[in-house]
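The first chain written gets the first letter, and so on, giving A, B and C; residue counts start at 1 in each chain.
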Amino acid sequence: MEKILLKNWKPLIIKMSKQPIIISASPHVHSSRTSKKVMYDVVIALIPAFLVSLYVFGIGALILTTVAVISCLAFEYLIQKYLLKTEVTISDGSALITGILLAFNLPSGLPIWMIIVGSLVAIGVAKLSFGGLGFNIFNPALVGRVFLLISFPLQMTLWPTAVENQTNIADAVTGATPLGVIKEGLMFGETMTELSAQIPTNLDLFLGITGGSIGEMSALALLLGGIFLIVRKVITWHIPVTILVTMALFTGVFWLIDPEHYASPLIHVLSGGAILGAFYMATDLVTSPMTKKGMVIFAIGIAIITVVIRLFGAYPEGVSFAILIMNAFVPLINTYFKPRRFGAKIKSQIM
Amino acid sequence: MLKTFPKGGIHPPENKLTSGKKIKILPVPKVVYVPIAQHIGIPSEIIVERKDKVIIGQVIAKSGGFISSNIHSPVAGTVTKLDKIIDTSGYKKQCIVIRTDQKDESNFETPDFPLKSEITMDQKDILQHITNSGVVGLGGATFPSHVKLDLKNDNLVDCLIINGVECEPYLTSDHRLMLEKSDEIIVGIQILMHALHIQEAVIGIENNKKDAINVLKKAAQFDNRIKVAALQVKYPQGSEKQLIKSILKREVPIGGLPMDVGVIVHNVGTIFAIYQAVQYDQPLIERVVTVTGKKLQNPSNFWVKIGTPISDLIDEVGGLPEGTRKIVNGGPMMGKAIKNTDVPITKGTSGILVISEEEASRQEPKNCIRCGDCVFVCPMGLEPFLLMNLTEKGLYERAAKEDIMTCIECGSCSYVCPSHRPLLDYIRYGKNIVKKLETSNN
Amino acid sequence: MTISVLYSVLLLVSLGVIAAIMLYIISKKFYVYENPLIAEIEDILPAANCAGCGSPGCKSFAEKLVNTEDISDLFCPVGGNNVMKLVAEKLGKVVAEKDPTVAVILCQGSCDVRPKTTEFQGPKSCAISSLIYSGETDCQYGCLGDGDCVDVCQFDAMYMDEDTGLPVVITDKCTSCGMCVEACPRDIIEMRPKNKRDLKIFVGCLNEDKGGIAKKACDVACIGCSKCEDVCPKDAITMINSLAYIDPILCTLCRKCVPVCPTHSIIETNFPPRKENIIEPNVIAEVKLEKLKTDA
């Protein structure tokens, strides 16, 4: 029986299994990594930070995150289906991540309509108008956040104070972030020793009992998520570590020179969303460079611009602007920092 | 720390299902289809005609030029036709079809070749024997070996590297050959070292073949010029340039050959064929082929005569399983998918892989998410996403500037891409066009 | 307040004037003389920029026409004889007249007559797939169906028929620029002469395999039986490698070859249907009887 099947193999195999032989070019196997899995790994890494924000800000954080996620997904669906008339790609997880990261960059208690506007800008302007996933130059969540910051500066800098606001949104007491306190205080001539009574201790900053946007609370939770991402090979250590080390170096130099008028590097690294920016926003796959050398240059640039804005600029917080500015340089970095070709005579391929 | 190449590389699952199976001798096929273009270079010229009777080892097609090779009859029988048969590429190519004489005893003997370790010939005779026997690179590249060994100046080369790496998943033909013919391989190395006046030889083996490493170390213990280097398991460790970098830390320059850094690389199968050619005057008429696949009844390694149709091999392992979707000639990373099993085995076939639905189907490609994985794994330091982009847009000159011609087509980039983009398809096409443009400009 | 406005206005105006002067000086200093004929010729040309003439665009073709002495071998296929005559008048040179041609697809192996035996997974591009394999069917010479020719046509004169899987040429829109002929990796498209009623006769097959193998792969393949070659009164049909080819210059469109082809491989387009001479048997018998009566 078997012999007969094999002699007339070709036509019979088509009748039998109804599935013809596939021909394709090599390679004929594929790794099990897909872009969906990468995206969902990032979502899992953000869970510890989300839990801390729930503990610290309560319902406010939940509403903020839910509204941001749902409006991002909804806008992507509507724009892709009815305006651009292309394939709908909400299931690839990128809009979900944009929503969560946008929410983590906003203060709890922001009016809902502002969150929706921010999502529209993030998805519609920063992502889809450039061509969709993979074509955007700027980090969508940061574009949304910066748009809201510049358009509604008052509401975006009303930071609900931590811990007291677990259940009551109505009685929210607002205060400033540690960096805001420092900036204002220094402008009015106070010294660091006077100010350090007004800002949380370093331990509080590390654990998350501080004011600010809901995602930049707990350095510990964010670090846990960041290490998870590095272990799962979603990101590499180059960008986050370089940003934080460079920031610490620069602020450390100034602090050593004049400790009364410059905050210590530990305060700078632990507050203001530096860790959130370093691990989750700057490492966004689409908008960061593709070679290790390029990543290091990118990270150094972000750190320098952040420190300059924080120490000498008008804003107390500079990570979002720094990342967006360096995003614009990424195509240039990709062109000039190419990997070394195997067998090339010069040591590195900087043209 | 085991030696390896520093840049790029991937770790696909090894699936060496047949590494414990001794090589069996495949029963002589009823008909053999011997293609005349089994090697790189000019196809051989046929010197037999229809109805000619041939014996085992008789030359049926002679070398067609400098970079060419002789082809010998693998069986004793009659030439039935000189026809065009579909081969691995999918297109019909010229073949010599020989029907085996079932009554001729020589087809069914398995002659015993005891180990001959004395080297009695000089350099010229050794090279002449290799040339006459039609030995080509059996690692898959099929470059005629005598051309590689034709050195103008003996002082150019100081090291001979033997490629026993077999980095492709599923394939075990080199592994079994090293285990079963280790002494012959050492003698083959000594023959080459004698012919080319080389003082040092290193056999590179991946660390997942510890038994082969030990066996070869034992076989080479009395010759301190021959060393065995255990290498880290990484794909594509077996690629020539990566192998030289791992063992000797020398980099072959762009556009250059291993000879430019004083090295010659040969596959273990080729060394065994050289041993047989020099010591026993045996032409290259058979080779070890692995037939494997997760759903096959009885995956095995075989000694196969050149020209055997693949259907004979599939019969021997229990037939094609249900739900077979791809048949690959070679390994899963660099092999060619074939249409049906009438295709014959050639000198460059190291394995037949039968893949079922789950592993075979490609998924729909999505947008490039610019993750940089392809850049990270490319062993030659290229940027596959950029090369695919340039080829899609037709910017071939820029692609040539981005060193598209140094791509070794290992497939690591397509393997890791999370968006399932067909990177290697476009890069191969780009290379083809750039080569055409370069030859038309010169 | 008004003084500062005045200063701003003055500053901007003077900046503008300086910029204008600089631009004027630079445009005069770096002026490139161009023969005004080139612009006139470019206006006559159809501005399709299709590269059918061999030059990269209409502007460079205009330059070539003006600058070469003998333009008898230069031809714009899109504009045709009309445009070339106008160019000849303008320049006072002699141009060649060419017969109009149209692109013809020499493969009729649609999905129902040429069954698919394998499935291809990879980029949808004929150039790439022809490198990788010989096709999803058993005919390695036929159309691959991925539409490189349709993509490259700039005049919207081609589209892919979903039912047959083959490209279709809209002969009214085809300007015979030749881009599709170059794009096809199998050389399936050929330029054949176009006549007023668009009558064409051609062999719709490129299969060079012997009869039995060709027929197994595709029902309407040319099996190389040579019946058409025997019946052609003008010797326009040649058989090479079991494949018939009708020379369009020798062919007089007499249609004798079309019905003798056993696999219906020869295609005729836009001819009126044949008149069938159906003779009733009874009528014949009566006529014969009448004749016998009159003879007798």
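In this text, a contact is a pair of C-beta atoms (placed from the backbone, for glycine too) under 8 Å apart; a residue touches a chain by one contact, two chains touch by 3 or more.
What you see is a predicted model, and the numbers here were worked out from it, not measured in a lab.
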item: Arrangement of touching chains [line / ring / star / complete / other]; value: complete
item: Chain pair showing more contacts of the two, B-C and A-B; value: A-B
item: Chain nearest the global centroid, as defined over all protein CA atoms shown; value: B
item: Chain A-chain C separation of Cα centroids, rounded to whole Å; value: 53
item: CA centroid of chain B to CA centroid of chain C, Å; value: 44
item: Centroid spacing, where centroids are CA-atom means, of chain A and chain B in whole angstrom; value: 47
item: Contacts with 2+ other chains: residues of chain C; value: 117-118, 121-122, 132-133
item: Residue numbers of chain A (touch at least two other chains); value: 10, 19, 21-25
item: Shared-contact residues (touching 2 or more other chains) in chain B; value: 90, 337, 339-340, 361-362, 422, 425, 428
item: Interfacial residue positions of chain C with respect to chain A in the complex; value: 116-122, 132-133, 136
item: For the chain B and chain A complex, residues of the former touching the latter; value: 7, 10, 12, 90, 169, 241, 245, 251-256, 311, 314-315, 319-320, 322-328, 330, 332-341, 353, 355, 357, 359-363, 366-373, 375, 378-383, 385, 403, 406, 409, 411, 414-416, 418-420, 422, 424-425, 428
item: In the complex with chain B, residue positions of chain C that touch it; value: 117-118, 121-123, 125, 127-128, 131-135, 140, 209
item: Touching residues on chain A, where the partner in the complex is chain C; value: 10, 14, 19-25
item: Touching residues (chain side chain A, partner chain B) in the complex; value: 2-3, 5-6, 9-10, 13, 16-17, 19, 21-31, 33-35, 37-38, 89, 92, 132-135, 285-287, 289-291, 338-345, 349
